[in-house]
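Encoded as structure tokens, the structure appears first; notes follow it.
So that you can tell them apart, the chains are marked A, B and C in the order they are listed, and the count of residues begins at 1 in each.
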Amino acid sequence: MKLKHILNSQQFTQPLIRELFLRVNEMEQIVKRGGTRDYDRKIMASLFFGSSSLTRFSFEAAMSRLGGKVLTMENASAFFSVSPEDALEDTIRVVDDFCDVIALRHNEIGGASRAADVCSVPLINAGDGKGGQHPTQALLDLYTIHKETNKLDGLKVALVGNLADGRTVRSLSYLLSKYERVKLYFVSPESLQMKQDILDHLEEHKTWYTVESDLHKVLPEVDVVYTTQIERERFTGNDLEFNNLKKNYFIDKEAVKLMHKKAIILSPLPRFNEISRDIDNDPRAAYFRQTQNGMILRMALLAWVLE
Amino acid sequence: MKLKHILNSQQFTQPLIRELFLRVNEMEQIVKRGGTRDYDRKIMASLFFGSSSLTRFSFEAAMSRLGGKVLTMENASAFFSVSPEDALEDTIRVVDDFCDVIALRHNEIGGASRAADVCSVPLINAGDGKGGQHPTQALLDLYTIHKETNKLDGLKVALVGNLADGRTVRSLSYLLSKYERVKLYFVSPESLQMKQDILDHLEEHKTWYTVESDLHKVLPEVDVVYTTQIERERFTGNDLEFNNLKKNYFIDKEAVKLMHKKAIILSPLPRFNEISRDIDNDPRAAYFRQTQNGMILRMALLAWVLE
Amino acid sequence: MKLKHILNSQQFTQPLIRELFLRVNEMEQIVKRGGTRDYDRKIMASLFFGSSSLTRFSFEAAMSRLGGKVLTMENASAFFSVSPEDALEDTIRVVDDFCDVIALRHNEIGGASRAADVCSVPLINAGDGKGGQHPTQALLDLYTIHKETNKLDGLKVALVGNLADGRTVRSLSYLLSKYERVKLYFVSPESLQMKQDILDHLEEHKTWYTVESDLHKVLPEVDVVYTTQIERERFTGNDLEFNNLKKNYFIDKEAVKLMHKKAIILSPLPRFNEISRDIDNDPRAAYFRQTQNGMILRMALLAWVLE
């Protein structure tokens, strides 16, 4: 199959996901052998209108490991500073002549498709807006789950923390609804629960879910615990409430003891205070393997769109 | 011919420009074939004492497309922060041992020649000071005009907008005065007209010019419309005057209708509010081709000084 | 010998230093031939939690000259901004999967060893904290002295300026105490003299030293004058005292006249006002050769840990 722009997770059908996972497997072999020089005449521009160091580094490492070159613009809003309203389109129309693929981070929902409309080379959405899309993150989460648990059908996943604002948990719920007999446990305080549009989507696709506030009740049930940060800013002036939350949704040694032996803990790093460092060396702590998978999956996607 | 430092547009004689254009043509073929690996052991340092994202990206893309490596210092004034008065010379004397060519942006007129005086590798001036030189911009403007109109002798060019402060329009006027039967139309409000030193230079070289405030009268006459930004800051507290200006010197569909079918519109991007996005897909809108030519011309210059 | 992490200068025994210097010699030949492509599949991440442009550029130039690729994070504290207390360890555990070697600048003493504890690839300390270690600087100083004077045993070195805060002069004193019949002259105003712990160390190792405030008395005696900045901030509100100091410890033509013909002047650039630009072209001014040696020494170290 051909792939040009990568804009949202919805464009990834099950056959496309299957092909992607095969390509990631191949890429893992290439990485084990020390990378490749095959793309040494290819250039990726990473245009970041809004900072996200981990995502940028992951894309740039991926392109470098393919043998390719990287042009970095960390503060892309300065590129065409005088004309903010046209900055995105003008930047893309200039930069697409400088490179073979663009990784774009934008701060507005829909920024990636606006950019793709004027872009002559493949464009990969590296996150657009807080409530927008971040398809490579969703795909690397799904890939990590599959690689670690060896299943997708029949999977039981707890999504924990700030579900109301979490772009990653929304996208992941969406992707998981494509699979059979999946069970989703939304675990958060009431004020941060998953929004109705996703719940409606799950009902439509007959995906089982439950809304829950007690993490410890859910932990023994699931194959995957997907944690997200609860931002302190949400609780200014209310340290007590915040500290309670922190305690209730904190993954520490006690919490891990409640989990299956083969269950895993994931996180779209960076962590704040939702995962104790004490469990980093527990084999169930899969979040550093997850970032490594992320780089390799981005290698596979870059190689695919550059074909 | 040999070329070491590239400091100003005056150093480009007609024979040198002819050779440059031939080299750019060859480079266009190389780019069409996907670039080259010939310079894969060469390193360019881009030292930017003063931000100019588009110019920096263009140089770095050029070096990458040649197969070379790039060391980036976007905030070069921090390099030797404690000693601003010596910072430029000391930085150059350190960095010239780290690389094979330096692209330098500096914020003082004459910065590039001061730097070249102590530099053991070729140095390319990527702009020095607001009223200073930016030779690669002037050369890419000239190249684009030649490529698009297939002429230089006999050319009719309107230079529009803020001519008083415009480094690019000054350099371009200078370069065009080398050719026969060129006609220059300086189109701007009185307060922003081209300065006397350039008019004197044109008279000396017997280049025809006219000073004009009515853009619409000039548009049907010319082969090239070269626009520049009129900065809002020049008209603080006087929105009416500024809005009038904007209207009078704005290139939109109505304006384009007045132009020759084969005439072209150029701009040293970014644009502010001098060109309507409505005309971007008109074949006469040549400004995105211009930035692409810029990258290829810089490839040719880099390859030349690295010989 | 094998080398993994490079954390401090103490780990460099005399045999290790001998091997390093041989490797630097070989690397000098490689640089003369235009560098190498041998490391073209290797990736160095330069993680700088705290700015040091010269050191960063030197490491990145070194990796580029080896043919390798560089991932740059100039503002590494932003990498995991929400969780400063874990930022270092988490960053390393993520980034070590993206690259083959890490050059780390950190702002806390001991940062490099904390990082190495969780790092799966070789890590090179590029400076940790003001009073911490900066082993590659100490080694390049030692290498330059050896290369320029052709000796280490029997060497006479004046260390001049702010010795109380100077990381480089402390490390260099430490390294020099390993050699026979070395004489160290600590030349500074009383308030900025070398601290007791280093003096104790020298006594323990039976290294001769003297504490001195008169630079001009020492200059005729020594093979090496190692200067350091006296920061203006130390003397706010006391311009007279500061200007006196500046005059007393300033290396200008008069000072150079007092030196041996074959003695050399070194400096961990940038300079502030301790060395006159008038002497830059005197063959004894070795500080720009020193930064060049620094890049080549870092090439040798990178190649070594990548073996």
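The rule we apply is simple: contacts are C-beta pairs under 8 Å (C-beta built on N, C-alpha and C of every residue); 3 or more make two chains touch, one makes a residue touch a chain.
Keep in mind that this is a model prediction, so the values were computed, not measured.
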item	value
Touch-based graph of the chains, sorted into line, ring, star, complete or other	complete
Rigid-body rotation angle, subunit C and subunit A, from Cα fit (steps of 5°)	120
Subunit A and subunit B, separation of their C-alpha mean positions in angstrom	41
Two or more partner chains touched - positions in subunit A	40, 72
Touching residues (chain side subunit A, partner subunit C) in the complex	34-37, 40, 51, 53-54, 57-58, 60-61, 64-65, 67, 72, 229, 231, 269-273, 277, 280, 288, 291-292, 295
Subunit C to subunit A touching residues, read off their complex	40-41, 43, 45, 69, 71-73, 76, 78-83, 86-87, 89-90, 93-95, 97-99
